[in-house]
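Each chain carries a letter (A, B, C, D, E, F and G) given by its place in the written order, and its residues are counted from 1.
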């Protein structure tokens, strides 16, 4: 079925960005455009989501060339869900940015680039062409470079250099992989590749190719021992940016890993073992890092790494439940991690610092905001029945079922350390009295109501989403279940793209 | 200039249709119009044929001079006597100076290093210089005069 | 840089390069060339001008900020990309006018798309180079 | 001996040897100026090689590349000169 | 046949000119000499090769293209040579010991240039 | 001939990797550029490479009549080249800024202790 | 039942907006919530005592098998009554205790949450649901313990409590999931039917271990007991609630609940008996040395919990009934003692046993309550404690012949010490001479002293009428634990027998210990020297070590040096690719498929290589740029040779532009320094060369694969016919794969914007975000 609606969100963000570029230096107009456009994108994402919810897979043959000759966009449930989540997170960040991002940055193109980034994310989720995916990845990384350096402070630039070097290296691996893949199969369309790859005689070569993708996407998704860019950089940009990064960037890597390793390269025994081992190490690395960091954003950065391990582990187990768990976790993680960094931004507005040693007294001064944050933090930890809890059960389930006890252990350690550090953070940031109350610069208190709302509303939106995920876990499980089914049985995908012609 | 651009356009596209020429003309006109909006100097170069003939002459000069250098290069011993010479120009306009220097530079053995601030003298690097006076006068009479004749 | 020779040469090279860039742009569908190379050559023309006359003067020559070329180019490309949707085709479908136009040949969305690419490339290259150059002058 | 083989076995080798020689200068330096002019020469020879190759393969499209080279190659040299002129210490 | 022979001759001369330029750049003792030798010889050589190309392809388009290329080369090569030569001089790149006369240095041109930057 | 290109690919990658492991930011950049080139050649080589037959249809014909070079890798590389140009130019400027701020291009110096300037 | 659980949750969430009313004098109304709940549960005493049970199930997350399954049987009922009953006392008490406290609304919010979590925990008939409430109790207790969050100690204690119970919680979850995997259900009632399946599974020890870890951490068993004394930092009502009847008993409840499923085997028996035995002795011994009233209570609580674990481990009928009774006994007297401690603390401002004495003169009703509670804890006849202790001794005496002696000795020793501890807490502060500093003290509000008095009196009433309790409460409880139906009848008087003798000895010796043991700080210091190797310290040391290791590991991995990161990434890639290549088998070059070598190409490649070498080796940046551009131009030539004119053009223009860019930027940079030593250079070179070789090998392998060209053939066939272009590459770029191009120019645009902002934007210091 040909349907332009599939890439509607992409188009919306593209046009918002272009129009905003035309309104260069008109910060108010850009703010309105951004929020309005994000709302529109969200509506479209919902429409798309409900369209594919029943299992139908929509495709759009760009330029009217039937697959595999043109670039095809595919909306299956996995991609539509991620588009939806991205749109929710995007709207939240967009609202937050109106107040949370300084005027100077807005005047120098913050919003257009943010929308380019959103466009890149949506495109990456929707494309059905491996090289096109590369292009989307490049859109994403270049916008993230720019957002990361926007403002040009020293620490930002230092982080950006490392971030950039490693991400470009990742792209190199990815592109090399594409080159090899084309060399062995002669196609770029993922569904077509899925048909061709099993027929390739030299399957060893396929495995080699898969390795390149594994490394490329592994870097993007911050898997051990490829994660270094993340803690080097995520603590440096403005919070709105960090929120987008923290919530969405690594997840594209995860998405790509899931997509590629379910559609193109069905993991063999070695790959599965490898992924599980990497997952365990990733969890531990993230957990250890989180344990010792005192800057809350650095702490969150390591938590991202830690939880990436959960998802990678789910992929490594490669069973229905494990995939379900990993996808559920992905859904939960996008909402929560975005919110965490937004929260860090609010804390910064409240206190002017993100160092736990210097923070304090928030609970006494802002009890309701603190409770709101507590919801976010508990969702992250997975205090049942909040959102982080459910997927872990599935992961445990199959970790035991498949006798991957190391992974089960890592799940326990990872979850526990998350709990521990968040409790520590709660004690330090919210409970403890501020050590030096005299030097606190509380911008928030001085703000007018509308600005306060703009800062808190996104946190509330995302927190509600987390709560929804937690309390209506059944629905999310159904969703993740369908996604996992679609990932495991790729024939509907292939049929939808190739129209049963092969 | 516009005409020249039209010619180049035709040369580029390689088809000598009327319409193509016209398009090239219009395009060239447009480009010049865009460019020259702010420029006082709007003189067009209209002596295309003369230029072409000069270029042919000059190609010949090049071949001749090349042989000399070639010989020096492939034989083990150098016969060079390099020098940097100050050369007073008669050429006045930018175009004249430019063509002169192009010519001098393209001839083996000589190379423009600099034009003085007042645009009256050239500094030329010479490979084979017997004496400064001889070099200057040869250049003046054989090359510069000829060029200026063509241009003026 | 203040070199008379360079300046004079640039006066002639600039239009030639621009012409050449348009040439590359228009013929891309049939021969090597296209929006990218065309745009690159065009921007090289201006870069050359900035070397000869200084970036400030080049900016004056162009009159518009090169940055503003970017949204224009993106807009042109994006519109030509989405025009087909109004006719019920998928995004990016090539639409062609029935008749041939002299010189340019067939006119279609692909050409407009290339034109957008052309503008974007010019805008991008000039923004980058001029920003650097002007920044250096400031320092 | 046909013209093709002549191009293949005489002209192109001469040109490639020339490139190698120019490259040796580029490699040796000693100064950046020498390298820049060696680069310039290499590109110019490149134009020649492309021209010959175009004749060899009867593909006139390659001449377009030669044209681009001819038009913009010198920009690199100009840029280097621009830099070198202003540079305070010898690199 | 006649064309072939002409082609062979022209191309040989062209190639040799280029070869000499390369030998020149390798052998010449100082920068100015190298610059001096290379630019024109190479331009000439390429020009001759272009003529060959123009002769090989029957089209007018190729001929005009070849001429255009040659024209561009002639237009740009000396400018480039001049620029780099000037830069070298401003940076006081050493001349060969055999250099007999140096007017530019005498004039003090160099110093006033430097002040401009 | 392919073997030589294969060798070349190896050398390009090796050189790129070697350079990005240096401490200088400029070398890092050069390394990235070399890696990009290596990738391009790799894509190029792994498609069907054919000499002297550009994928351009003869002006008088509507389809190819004889063998021609694979256009897909070319299109891919073109895209990749342009993209890496974008990245490179941004990276170069980033390098410039870092140098202006830190006064060094030594990558090891990019570790300003935790600070609050965001 | 669902509603009883939800009521607390709803109330606690209502407190967020409407909390202000708690600060008014009508705040006590909230206390009627537990009262109502208590009354609701008493309704079930009779039917359950008659052997029936109640279930309720509401679908929640059916696909995961998590439903709101609740089951009310004897065990649940006992706990539900304790939770709501003692809860009611606590609510009233706390309302008075915390009068005027600034954050009283929060306090009751947490308390409601905690109460309903506890209720949910004991009512759940689904493992995962139980776990959910289990975690909720951990979290809400975290907030309760850390209620005085401006104090460092409180925060630390809350952290410790949460850490230990939280860690246990995750083990528990793992155990539950594992059990669910094996049994195929999470429903606890259904699990009872699958005992053999579970117990015969090879992973049974793991399951048991995980579940037991959950239980013993929660119930503060050795060596995880140390969080409990720390948790005394909480306001006293909290301590009373958490440590008498609720939080710490959750572990007991868990083991009791799962004893029909996991119990009845040596692993269960020995491990629980050992843990429980050690804990009860260790903690009882430690309680002797405490000078803080709450400290005494804390350790005696741990000891009591140890007894319970010990009894559950023993698992005999006698033991189970003893446990069922002792749970109630302990809840009553311990809650009373805590509340009394709270009153003392509240009125005198100290809990130091070396100072407190003679308070009966000013706090008579409190003294009575204390006295009664102490007697009950000592197990003096006619108190409920006496019944409990009798049953314990009976259980130990009836244990296996090889064991009963040791077990009985342990039980007696523990109880002797507990007698002393109970007297210390309930009697010591009230006897003797009243210090002058306490002269001014008045009896506090009724709502403060009535609850402990009530509880203490209840202990006596139950002691006098044990049959009633046995029939309706403890009996059904024991039946649920044993998963059977039997009648237990408790009697006051068993006649003169060994047990009575032991009881007498216990009380006698215990009293002697109490009299001879005057609390002093010196002893505390003395015992503290032993604490250096206590579990708490070992745990702290471990935690510290872990933290050190984390710091070390993180610093080692993430050391701030980009090149080290890149090196690690590359090495990892080499390892993987190399291994895969190795798996691919040997490589044979098929010469016949390769095209002939031509001179000009070789030259081009040679120059390329030369340029690369120059790039690497030069110390001048500019030379490096020149060399890199040679690389680009040479590649451009390769593109020409292999029929890619578009590529060649683009590569060439872009290369030139890159040179320009470099030149513009490199303006002021210093030249390269040779910063690496020889070893590093060699190492990097080796790594790089290996990488290059691997890539070459991969490329070579791919070359030998037959190429499929159907797609490019399609482009060749239709580029003109359908897309109206003859330059297929360009047609690909603007039509077939136009999307790539569209977004690649977006990439370019973003880069340009980035450059622009990078160079132009200078933030003011005020513009941080």
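In this text, contacts are C-beta pairs under 8 Å (C-beta built on N, C-alpha and C of every residue); 3 or more make two chains touch, one makes a residue touch a chain.
Each chain and its UniProt protein: A = Na+/H+ antiporter subunit D; C = Na+/H+ antiporter subunit B; D = Cation:proton antiporter; F = Na+/H+ antiporter subunit C; G = Putative monovalent cation/H+ antiporter subunit A.
Because the structure is predicted, anything quoted here is derived from the model rather than measured.
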Touch-network distance, chain C to chain E, counted in steps: 1
Most widely separated chain from chain A, with each centre as the mean of CA atoms: B
Chain pair with more C-beta contacts, C-F versus F-G: F-G
Centroid distance [mean C-alpha coordinates] between chain D and chain A, Å: 48
Approximate Å spacing (C-alpha centroids) for the pair chain A, chain E: 57
Chain A and chain B, separation of their C-alpha mean positions in angstrom: 61
CA centroid of chain D to CA centroid of chain G, Å: 70
Residues within chain B bordering two or more other chains: 8, 12-13, 101-102, 112
Contacts with two or more other chains, residues of chain D listed in rising order: 15, 17, 19-20, 36, 53, 59, 61-62, 64-65, 67-68, 71-73, 75, 78-82, 84-87
Touching two or more other chains - residue numbers and ranges from chain A: 14, 21, 62-63, 131, 135, 138, 142, 145-146, 149, 152-153, 161-162, 165, 169, 176, 180, 183, 188, 238, 348
All touching chain pairs, where touch follows the definition stated at the start: A-C, A-F, A-G, B-C, B-E, C-D, C-E, C-F, C-G, D-E, D-F, D-G, F-G
In the complex, chain F residues that touch chain C: 54, 56, 59, 78, 82, 86, 89, 93, 96, 100
Residue ranges of chain E in contact with chain C within the complex: 72, 75-76, 78-79, 82-83, 86, 116
For the chain C and chain B complex, residues of the former touching the latter: 3-5, 7-9, 11-12, 14-16, 18-20, 22-23, 27, 60-61, 63, 102-103
Interfacial residue positions of chain F with respect to chain G in the complex: 1-24, 26-28, 30, 33-34, 37-38, 40-42, 44-59, 62-64, 68-72, 74-79, 81-83, 85-90, 92-97, 99, 105-108, 110-111, 117-118
Touching residues (chain side chain C, partner chain A) in the complex: 67-68, 70-71, 74-75, 78, 82, 84-85, 89-94
